[in-house]
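When the chains are written out, they are named A, B, C and D in that same order, and each has its own residue count from 1.
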Amino acid sequence: MSSPAIRITGLKKNFGASEIIRGVDLDIHRGERHAIIGPNGAGKSTLFHLISARLPVSAGVIELKGENVVGLKPFEINRKGLSRSFQITNIFHNLSVFENLRCAVLWSLGYRYSFWQRLAGLADARLRAEAVMEDIGLAKRRDTPAGILSYAEQRALEIGITIASGADVILLDEPTAGMSRSETDDAVALIRRVTEGKTLVMVEHDMGVVFGLADRISVLVYGQIIATDAPAAIRCNAAVQEAYLGTSLNHD
Amino acid sequence: MEFVVISLLNGITYGLLLFMLSSGLTLIFSMMGILNFAHASFYMLGAYFAYQISTWVGFWPGLLVAPLLVGAVGAAVERYGLRRAHRFGHVAELLFTFGLAFLVEEVVHLIWGKTSVDYKIPVELDGTLFTLFATDFPIYKGFMMLVSVGMLVALYALLTRTRIGLIIQAALTKPDMVEALGHNVPRIFMLVFGGGTALAGLAGVIGGNAFITEPGMAAAVGSIVFVVVVVGGLGSLGGAFVASLLIGCIQTFSIALTISITDVFALIGVTLPEGSQVARLTITQLAPVLPYLLMVAILIFRPRGLMGARES
Amino acid sequence: MNSAVFNHGRLLLWGGFLALAFALPLVFKSGFLVSLLCQIGIMVVFALSYNMLLGQTGLLSFGHAVYYGIGAFVTMHMLNIIGKDGGPLTTALLPLVGGLAGMLAGVVLGYVTTKKAGTTFAMISLGIGELVAACALMFPGFFGGEGGVSGNRVVGKGNLLGFTWGPQVEMYGLIVLWAFLATVAMFALTQTPLGRMANAVRDNPERAEFVGYDTQRVRYLMLILSGLFAGIAGSLTALNYEIVTSETLNAHTSGVVLLMTFVGGIGFFYGPIIGAILISVMQIVIGGMTHAWLLYFGLFFLFMVLMAPGGIASVIAIQRNLWLAGLFGRMVPHYLAVALPVLILLAGLVGLIEMSYALLAGEGVGAGDTATKVMKMELHLNTPGPWLAALGVTAAGLVLTRWIGGRTRAAWNSALATLHGDKS
Amino acid sequence: MKNKFAKHLALGASALLIGGSAFAQVKIAYIDPLSGPFANVGEAGLKGFKEAAEVLVNQKGGIMGQKLEFTGFDNKGSPQETQIQLKAAIDQGFRFVTLGNGSGAAHSLIDAVNKWNARNPDKTVLFFNYAAVDPTLTNEKCSFWHFRFDANTEMKMEAISNFMEKDKKIKKVFIIGQDYAHGHQVAKYTKEMLAKKRKDIKIVGEDLHPIGRVKDFAPYIAKIKASGADTVVTGNWGNDLSLLIKAAKDAGLKARFFTYYAGGLGTPQAMGAAGENLVLQLTEWHMNVPTVSTEKFALDFNKKYPGVWFYYLRVNNMVQMVAQAMNTAKSTDPKAVALALEDMRFKVDTGEVWMRKSDHQAMQPLYISIFSKADGKTVKHDSEGTGYGWKTLATISQRDSQLPTSCIMERP
């Protein structure tokens, strides 16, 4: 267990002339819950997209469990045990909740592109999907098309799909965005439950969620990590306060 | 030499006509994301409208009125058909235009019959513009080139000098952004669709009598226009222009080449087995397939097209 | 287990269809109807194979006839080889050969086309389709030029169970058998990991990538398999008509299968079956009744696109849901109420179209025509009378349809609201 | 026509099929394109047959008191659809079929008819071919169940090349054709025959273009021009011919065009003045061949069907010969009719039509004519209202048009 779950060195990303990620270095330890915070436009989602290969990297190295994954396709990274969720709900709208989850487990169970096996006969896929469904509290909505679920239910499903494959590195992009207080509490409990024993990286705006969940927090400002530390230390980090509250604080 | 110059002129004339068609298609696709399958049908309508008008009041009024009429038809189609289909997604839109092409052909059959109509070149333009070496270059071809280039200039001015043009131009590369800026108003869609179809209509007005005005004319150019748009790059007017001329010239020059595939391979030192069917084909015979081969090659090696900004 | 391929209900349904298909020619002895049934059987397979792309994987193809045609040509050449040299194969097994040919075509062409999805795929498929169709005329040795390739399906001796496949009824039996096998196989495919992932790729390719699937590979595999079944359909065509021409693989054939599939309904497995039956019958029945049939056909298609984009199958499915929810009964009076004005509207429209055709298309809708009997007697189309009458009927139909249709729509919406309310 | 077909179907479906119609009649199924790109050709032919049956047979007493009727079946120009329509016709009790457009469709039909007759010897079907000119149909593929009333490509080229043989002005010939069987055959026979008859004529070029897909013939014309050809031979028809002539005129090409099909079905109208004194055609008749009754028939026809111009004399010949064969045989059984048609010599306006027994190929006089300004005298009638009509340059007697056949016919 020498190499970290994710090690990012010198990561850069340009969109044309503008540099969004300007040299990020970051280690995510195995088994930790790591939150990335920062003001709007800091590049948090972009960082996620780079790690998961949704966007191509401009420069730098991303290692997943010691292996350089820059240049791989999203599905290849996923097969190496990294799974992510999206800020904007990204599910299979016309499939039922159960089918959504079953799709998410098929590859990891080794069924690949099989067209000679009956889905109904794949007990392990069914059991795994049902277990996740139970976990995310959507068992009673089993056969409902995902497209007509309520927003909170879709968010839960989004998390469910992300964790269903059993990946050991989980990236969650604003899992509680747009939720009410009570829904958020449920979601936090859910995330805590389902990521037990796994590496979790999350982008989150809700500080309650961040400080409730994270073991460590990184602060991303203008495409650079200005601090990575335990929550308590981040809370009183001067640079972070400056970034969040503006320079006026400095003069105090 | 003579042959090369004449072929080049022919190729450019044809290429410019293709551009008139593909520019409208590109505009519509860029703005609305709709691949207008019925685009060539509007070309045909342009020719028939112009024919009808020319039998009443002559060619010149038709040159102006027919494209406007086609544009009006296009706008109406957008307003009462496409807009509804849009709600069901892109596949429904595509299928709508697909069905529309079918319907237009049938209506043309009904109104103007199944044979070609006698849509004549106006007497003012019937004659020889100049004689190059020993070949006459007809006035009408010069006129076609003039109209195409005029349209190109007008389009360029419209796109770079007017507000609506700037919006459209922005939509070519960043449709989402334009949409986000609140410009995604149905009226612009209607305008663009009407405008795009009017361009096709204009092509029909000047192409209909240069070639032949008959119910099969839409199908004859329909797929080649798609090739132009793909080769040029989806959403790129410049690309459409280059691709139009390229394909126009390829088709013209390939007809000129009588060498067979065997000869071509011999050039690179490969001897094909005698008597096989491939070996006997001449480039001339291959002419109609070349654009499609070009398209496939482009899609494999440069999927965004010659000058395309985005891939899909 | 709610999704086994062969639970009891489904077994009964499949068996019932098979029995019905075999029984039909016993009831309808007319040779023409058997021919029609053969055509339907082939089209069912073809449309289902098309829906593997459109409905299941979300790939709108304008060149599906390529696989169908290649299957047909290879079968025909194989048939001629057997006829000449004999060989281990018999006519009855040739669809397998055609299927493999279609599949091979899918392996080659699909590699290029499935690199992209969406609109780009649609265009590439169109281009490839045109390319192959143009090649067909360029290589008369294989494609037989404009005359096509013909053969005789009565080849070899001691055919399976003594069938020669010469008589149309025997051919029909062969088609039913293969169509049934292909349909079962295609249905089974929807119940496999690949089939389900195809749905996932259709719904959200990005997400599919993030659960570990290479969407390009999924599309490619689906296209190959779809080519297999299209090839089987093409093979059956070759055997049925004993001639294959280049138009088997041109854009028109691709268009027809698209129409069938879409009208039937791409969202349901059985949708294309309905479409194939309906369009085949329409082509022949309406095509026989009026010269305007292509126009009606186009209008019908546009109507479906705009009003029922889910196809006939989705309309049926909604009625079924209403029925299951006990709401169907309250819609019946509304359906009946709206039927009358719609019929009036249709009568007016048909009148206008038929008169236009009679006047403009030259070929009069002469006496004794069933289509014009609706309008009775001889009409003087050069006088305004009939036109005004038809216009009046159309207008009345339009007004009534809007009026009563508004109420029906309201009732419909409330029923749907109740339906979804019950469910959610 | 079509509607009756549907009626039969509808009745059949409700198991109420009534066998045939109340009136006794001899029915011939006309299988040709009635929709699609060649629909105009098919519809013109059907009108011709209906008019000929009415005027030349039914008004003169019919066939043994029965009326001769033609019913259209739309094969959409497709060989495959041809077979489907043949089946439909047979199911409706038709025993005679006629077809003219497309060698592909003709091959398909001859195959299907042979197959059907072999499988159903008690319900044989006879095929009258009025315009498909592929020589193989009366040579390698000849059939007892097929009769052709038009001269085939080889015979036509024989006549054209004989004409060219005498014209010493011809030095360089360019062959252009549609890339399909007919175009290939025209090219083949042109080369073969010219090589035999005029060794000094040089074939300076040969091009095959895709059928019905070329919009702009200018590049081809440029090529012809570059080759220095003074004469062009083409088997093109329809738009492919009109566009070719138009492009030639635009580019100022002064070569003469020897054509098969410039005479009708919209082509004169489409080429108009562009064809003057440049376009020649070979036909069995044209409006300015001095024939009294056919001229009247044609004028009446043109008046009755405005926009459709009478073109096929062979349609009239065929209708009359079939009627006579049935009357002679006193039977409407296909086999008896076939036997009666064999070796029939039938007097028509332009001379005599002889149906050769060995290959079922009709022999008839042929005319080579040139498109020239109508002057009311030698060019009495213009063609399709263009102001230009056909002027006879040469007449080929029936005897001169004959060529040997390689047909080995299987007779029932």
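The working rule: a contact is a pair of C-beta atoms (placed from the backbone, for glycine too) under 8 Å apart; a residue touches a chain by one contact, two chains touch by 3 or more.
Every value quoted in this text rests on a predicted model; they were computed, and no experiment measured them.
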item	value
Chains contacting each of chain C and chain D, listed by label	B
Chain located farthest away, centre of chain C as origin (C-alpha)	A
Chain centre separation (chain A, chain B; CA means) in Å	47
Chain A and chain C: spacing of chain centres that average the CA atoms, whole Å	44
Whole-Å gap between the CA centroids of chain A and chain D	75
Rounded Å distance, chain B centre to chain D centre (Cα mean)	36
Chain D, residues touching no fewer than two other chains	43, 179, 210, 307
Numbers and ranges of chain B residues touching at least 2 other chains	109, 113, 285, 288
Contact pairs between chains, per stated definition	A-C, B-C, B-D, C-D
List of chain B residues in touch with chain D within their complex	2-3, 6-7, 10-11, 13-14, 109, 113-116, 118, 120, 128, 131, 134-138, 140-141, 210-212, 214-216, 220-221, 251-253, 255-256, 258, 284-285, 287-288
Contact footprint of chain B on chain D as seen in their complex	37, 39-40, 43, 179, 205, 207-210, 212-216, 218-220, 222-223, 225-226, 239, 242-243, 246, 250-252, 265-266, 269-270, 272, 307
Complex contacts: residues of chain B adjacent to chain C	33, 35, 81, 84-85, 88, 90-92, 94-96, 98-100, 102-103, 106-107, 109-111, 113, 223, 226-227, 229-230, 234, 277-278, 281, 285-286, 288-289, 292-293, 295-296, 299-300, 303, 311-312
Residues of chain A that touch chain C when the two form their complex	52, 54, 73-75, 78-79, 83-84, 86, 90-95, 99, 102-104, 106-108, 111-120, 122, 144, 148, 161, 164-165
Chain D residues within the chain C interface of the complex	1-7, 9-10, 12-13, 15, 17, 35, 43, 74, 78-80, 83-84, 87-88, 90-92, 102-105, 107-108, 111-112, 115, 119, 179-181, 210-211, 305, 307
